[in-house]
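Pasting the structures in now, so scroll down.
First chain A sits with chain B, and in the next complex the same chain sits with chain C.
This part shows the complex of A and B:
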């Protein structure tokens, strides 16, 4: 089953290198300052993102109608 | 200032004997402190190498004076090792998981791997006591393991069975230490212990650090006697016993005596570390007071953490009981003269204010009455020396005053101060008010600011803080002022507004159309600062009359347009608008109240539609003025007729009592009828419910309806002439339900939403037959509070009341803790200038605050734009 097809799961996309650079300069941040997501997250596995990729998540929002957020894929650390 | 540094890691470990000796500046061997001349003994507990507390002496280690020397540790060499009480659990665990002969983990490498994982793929788990089976053989040397018994506070023993008898063999600290020493580093890592910083044998003390004298200063009593700190007393005990122990050991004393002394030494070291250990009598002072030793210094409310680090006392603050004063403005706070005389603001002298300051200095610290100008309590010279002003030196100090000096002048009217009531749950719990110095001994505040503080006047106390710098005062005026905090960021509506009598008063003034003479109109508007009365609404017998709506309209801004329904609106199916018989349809056109009643919906705290619109249209400052005007007006209005409530306000007439009785007896009979149907097995169960549940629901419904009916009957009799009805309809306080319970019938008491079922076997009280399902046997109260409850009803009422009490107690504690955790998690987040929410490290939490970037305080009850309000104010009619 594909988790992305579930109503509760927002849209996940891998961002291109260009977009990522734009994102970094827009917020004047480094990748470290982005929110994170684990590489073994079900949605990440479905879109096939690798560690180091940045993912754009587009959700419907109560306040804004549509909200974008970005996450850096990282390896799940050992406990 | 040194540049800020990021903390990479923090290492937690044990203090090794080697470290203790390295950090020690002196070996302590004498139990005495001072000799007869009051000079510390060398190598005694107050040795000059450990730091100095007496002024004039110099530290032998660092050669600094008492105020500069931080103090240095010494050490005591213990005759035999003793257990550190703080680590007994760790010691027990290690004894149980390691072999008694070879000290290795009682697990084979394969078993360890199962829990810890392989070297490349660690599970992150560490071994615990549960992973090891009891009393097994050692997988390394084959030794039979014994049960380790631990007796509080510090006794360990091995149990083995010999000839079918249990034999307990006590382990001395030295035995335990020997075992600990042999545990290999690798095994410790599997247990989650880093052997580089915490070798387990360091939990058994062989050498004891002696804290510097600076942390256990002796105090000199009035009679010149020295009184030592509790820690020093305890250290004296330890050294004494240690000395005796050594002597006995050297003399080759019998084993029994050695053991006794060892135990005594253990006791003293234990109580030195923690004097509240279970199973250990606390060491006491000569007076019988338990000593405050190391652990007691840190623990608890007044301990180092909660008492000294997290919480501190502040200067320039005052605390007293609060009381209401409706004549104050909401932005003011009344301060007792006694407080104002004590509290000061520093003012630096310059050529422009020096004469004024001189005059203040001449007035001095004693301001006798409210009408006197403020004086000054202290003067600070440019060299930071403080001169206290007193009767004698006023004139001389005033002459000496020059630019550059600072005068600490007393608080006077108009000063800005921070006002606070605990618990400070949201930012409106601290607001800046303007001072109004008053007689009396309490802080006074306008009751309209009670909601943000959650204050009432049943003995509440509040705190007051005086900002001491220009920056602090500016910040208070711009950010913290009451007029900046009328809107709550919680829901984007006004949190300050009329309460209680404000609402009742304005309701009574504006309800229906009434006409007032000029005298009455002027009486009502006296305190509001209205310059011109509007043109009279009509003339009668040659006398001008003003309508109540006209009088109210004088406090409204001229361009205000809005339409809404008052709290008294019943949500009729077809609204009759202006013709509403309750006068609940409020229309304000160009600042004139055309129709409708002003009540809680219009001016109340939390609702305040008019207040809200004024804020949007004219700003917070105008809204504060409006709240002031409305509170003054409504207080006047309520005083026109007076407002009170007595027991006879609950009186009904004979007809109503008859009707109520009929309704109730019908309901009781209906319940009986339904019970009969159920008992005959004729009751048809509702889907998904048992017949019992169906019956219960039906009974609850019938009785609930009956109570509401009595309320309606009572309500028919009690009109707006009744104070309780006025309060309920206007939304000031209480509801029609409260009135029903007072005049009609209290109704069903419930526990967890069900009728009361608990108590004796098959009945709630011995007064009832077993299995009685009737209304009275399960907590239906047919009487009203006025008529009085009979004993069984009273009991059921107490049961229901108790549940409510427990619920609120549980809810407050739970939500309080939840909020505490939220605050701790979120306190460092802030909205950056680019609209993102970031941590202090610049890490992004939200890419746009709240996803829409809206300030909830400036939102309209959650929506970014108040479309309806804007349209209505332009079209001047409801949309």
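This part shows the complex of A and C:
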């Protein structure tokens, strides 16, 4: 099965380098300030993103109807 | 609608939902260009006014907005979902459970949707439920303890096996294997008469009756069909399709069952969702579970507050609890952490590690008696010398 087809999983896309730079300059942030997602997250594995990639998540929002969010792929820390 | 207007709406900096509302409102109305631009300007203006200002303490507002109605919740309620009498924890205990990000809820339950060819027919839905509900061996036939020969005789009932769509050959293979693997009991031998559908279990130690009875207990209760964690399945018809409700949850194994709709099936176990479907699904699950727990008690909390809580919990890629082992425990400031729980430990650890408090948050500034950096306290005076 593909987890992205589940109703609870929003759309995940890998962002290009250009888009990522645009994002950073729009909000004047660095990659560290983005929310994170682990490299072994089921949705990350499906789209094949690598550590360091930024993922655009298009959610269906209760308030706005459609909302974009971003997450930086990081390695899962060892316990 | 005038294509010019449509374009203007599309390019406006408004949320999708507002744009859609604007479109439905303007549908079929004759308006001039001037009127349209006034409407659009006012809508944008109104939207800008409703936005939260930068530096607003939204966390405190969310805490108050969930906390106050929370005091009106029932302390302990057990709710039976409809006639199906599936027991689910609701009310305050459930809300606490969600915020604490427990590994397992006190009453795990799943809502299993079926694929189209199974969802319309009660018998086919029941067929899927046999594959899910954990069924112990004693439901498939008679189990007799033969004390004279020190053995346990299992006479399988072919009619029951047939009805539950499992062959005798499968059961005789699964039962001894599962007693060894799942129940970790190995001191027995077994013989099978597949034609007569009879199984014999003999304890290795033939001297003690205790062993015989112990073995009988294992034989009786070994799960031969279904998923071990799912104790009960109830089939119910809702809005024209059959849905399975379960007691017990195992999302991963249920997804493997033929006939299960893997795009809609859900569980109330949030940590399981984050493992199987990912952190974004977990965020959605937290919002859904918290909101439905509150609404079920007739408490209307704005979804924005819950979304903020869910966002904070899922910020770092895994579901973290609100308490001292999660968000509150990872705050930057020592004083802020010490003010929350286990004060002495935090102060001691901070002293050992030579930690510095920047005094940038609200709590630590209240403690030391300085203005907090919010509202009027956020304004700083910069004096320029005259000469």
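Here, the second predicted complex is superposed on the first by the 79 of 79 C-alpha atoms of A that agree within 3 Å, B and C clash if a C-alpha of one lies under 4 Å from a C-alpha of the other, contacts with A are read in each partner's own complex, and residues count from 1 in each chain.
Following the convention adopted for this analysis, a contact is a pair of C-beta atoms (placed from the backbone, for glycine too) under 8 Å apart; a residue touches a chain by one contact, two chains touch by 3 or more.
All values reported here derive from a predicted model rather than from experimental measurement.
Which partner does A:43 reach: the first (chain B), the second (chain C), both, or neither?
So A:43 only meets chain C here.
Looking at the overlay, does A:70 come into contact with chain B only (first), chain C only (second), both, or neither?
first
Should A:1 be classified as contacting the first partner (chain B), the second (chain C), both, or neither?
second
Now for A:12: first (chain B), second (chain C), both, or neither, which partner does it touch?
A:12: touches chain C, not chain B.
Report the partner of chain A that touches more of its residues: chain B or chain C.
Greater contact footprint in residues on chain A: C.
Contact-wise, after the overlay, does A:32 reach chain B, chain C, both or neither (first, second, both, neither)?
first
Shared contact residues on chain A, chain B side and chain C side combined as an intersection?
Shared contact residues on chain A: 35, 61-65, 67.
In the complex, go through chain C and note every residue touching chain A.
It is residues 15-20, 255, 262-264, 266, 273, 275-281, 284-285, 287-288, 303-304, 307, 311, 314-318 of chain C that touch chain A.
Can you list the chain A residues touching chain B in their complex?
For this pair, the touching residues of chain A are 27-29, 32-35, 61-65, 67-70, 78-79.
Using the touch definition up top, name the residues of chain B that touch chain A in the complex.
121-125, 834, 836, 838, 841-848, 850-854, 864
Which part of chain A faces chain C closely enough to touch in the complex?
Against chain C, the touching part of chain A is residues 1, 3, 5-10, 12, 35-38, 41-44, 57, 59, 61-67, 71, 74, 76.
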